[in-house]
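As structure tokens, the structure follows; a few thoughts come after it.
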Amino acid sequence: MTLAMTREDLMAFLKEAFPQVSDDYIVDHVEEKLIRVRLVVDDRHLRPGGTISGPSMFSLADVTVYLGVLSMIGPKALAVTTNCSIDFMRKPAAGQDLVAEARLLKLGRVLAVGDVVMWSDTGPEAARAGRLAPVARATLTYSIPPER
Amino acid sequence: MTLAMTREDLMAFLKEAFPQVSDDYIVDHVEEKLIRVRLVVDDRHLRPGGTISGPSMFSLADVTVYLGVLSMIGPKALAVTTNCSIDFMRKPAAGQDLVAEARLLKLGRVLAVGDVVMWSDTGPEAARAGRLAPVARATLTYSIPPER
Amino acid sequence: MTLAMTREDLMAFLKEAFPQVSDDYIVDHVEEKLIRVRLVVDDRHLRPGGTISGPSMFSLADVTVYLGVLSMIGPKALAVTTNCSIDFMRKPAAGQDLVAEARLLKLGRVLAVGDVVMWSDTGPEAARAGRLAPVARATLTYSIPPER
Amino acid sequence: MTLAMTREDLMAFLKEAFPQVSDDYIVDHVEEKLIRVRLVVDDRHLRPGGTISGPSMFSLADVTVYLGVLSMIGPKALAVTTNCSIDFMRKPAAGQDLVAEARLLKLGRVLAVGDVVMWSDTGPEAARAGRLAPVARATLTYSIPPER
């Protein structure tokens, strides 16, 4: 199966469709049913004390699965999130980007489901450890509108 | 049972602890185990097309249950969200504030659980209808750190 | 709006479609978008120690929202659960039925969403207190197959 | 890190603590923070039509994460499920066992979180395809009671 959108396509789509947030995210990698997106952490994502805020993590999870779905079905901006369950498990490392990896578990005619794990990007060595100690996880369901 | 924090206490706490977002929220009402908080909708909460963004709704749900918990136990800024499940059910009405009503279902020694329903604030008449047609619902769990 | 199925219709449907579990449940009440179903607690629902098992509570939540959906749209046995989030908050009272009350928050063309609160049935007096101290809560999403 | 309980320990614990369901489950594999448990499918797990019931899948997810937690911390029968979110994504294959693989994402002092993916056990070849087409997924949170 070939991807409907490449990493570059996804970045261009994000810039066009969501200009106000597109600078926050970098698509690090995409392959069939798997995608990694990075939140370029900035002051506006932080809570007092320097922790990345819950809404910033929710947004990263949402964007990551959304782009993962689009990578498979093409640029349908109308896919909408219908459900999210998210677990916040550890404090992210201060001053580090947050990296989300999503797997598409279902890509049906009307519903898509993706699982996301997020961890602090603390360099190649620590990243492996970081995978064992994820900051948060989430599952998102998207409703895919019928073609017209 | 008396409230540990009044509506005014909660607004002052929000201003002090979360100055960057405190203008977004107004505590409309608080009583034992029940609280209503309003998101004063602004351009930065909107997606292209004028819909309130998912992260803005997540934030409102999170703030509402958080303030509900604090209204019962006092200003413990360290309570942290550990889990959220959220369902997005309808498009919010354009140009209307979003109102969240949370009920605390559990207020234990280490965990608190609250249910939230959100609807567009389309005036007293429509509000009743609005309750029957909520925009979103969420359940949040908070971990309450032990006293030191 | 009139109900598509009455309390008696729902009980008869349950007996016909799910004979192996229909004796476990009694529909106590149904009205527009609201339904109450009782789990008639029996040894097979219990964990060692006498607590009602998690799967028994999950089943009650699932049946309750399912029957609530059918009460509105008629006997479509093919509606399937796509998502459930459930919070277990307190031990149920020993030797008491468990009562679930579900509200339908969304009844769309393809998806239905219902919220459930469960509490031990400890008599009319305690029931009011019981509502303030629910045993569990859940939200379920059903996918409604298109008419053929 | 060594396991607190081996595969054999877990099977013996299940037999002792939950005699009424222990024949339903086989621990196929356990290693640090990863466990696979099989539901030996029997008529009582089926819905009319031969599909494995939702409660049976919920139970499998619950048992799998529970045993995964015990494999790390030892036989504390008092760990209780506080939250579960579960997505039902595909019909299980008829007449096949259901296999659940759980990863422990967090194992804290008071809370443990595990992710589960379930698929029909349709033989070594199909299993690989089966992983790409999971039947269900779930995340469970356990509350670990303090030592006394």
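Remarks
Note that the chains take the letters A, B, C and D in the order they are written out, and that residue 1 is the start of every chain.
Here is the rule we use: a residue touches a chain if its C-beta (ideal position, glycine included) is under 8 Å from a C-beta of that chain, and two chains touch if they have at least 3 such contacts.
Note that the coordinates shown come from a computational prediction; the quantities given were computed from them, not determined experimentally.
Two chain pairs, B-D and B-C, are compared here, and B-C has more C-beta pairs in contact (counted per touch definition above). At the interface between chain A and chain B, two copies of one sequence, more than half of the residue numbers in use appear on both sides, so the contact is built from largely the same positions. On a Cα centroid basis, the chain most remote from chain C in this structure is A.
Look at where the CA atoms of chain A average out and do the same for chain B: the two points lie 24 Å apart.
The geometric centre of chain B is 34 Å away from that of chain D, both derived from CA atoms. Mean C-alpha positions place chain B and chain C at a centre distance of 27 Å. Residue positions of chain C touching 2 or more other chains, listed in rising order: 82-83, 85, 87, 89, 141. By the touch rule above, chain C contacts chain B in their complex via residues 33, 85, 87, 89-90, 105-106, 113, 115, 117, 132, 134, 137, 139, 141. Those residues of chain B lying in contact with chain A across their complex are 17-18, 20, 44, 47-48, 54-56, 58-59, 62, 80-89. Residue ranges on chain D touching chain B, taken from their complex, read 82-83, 85, 110-111, 141, 143.
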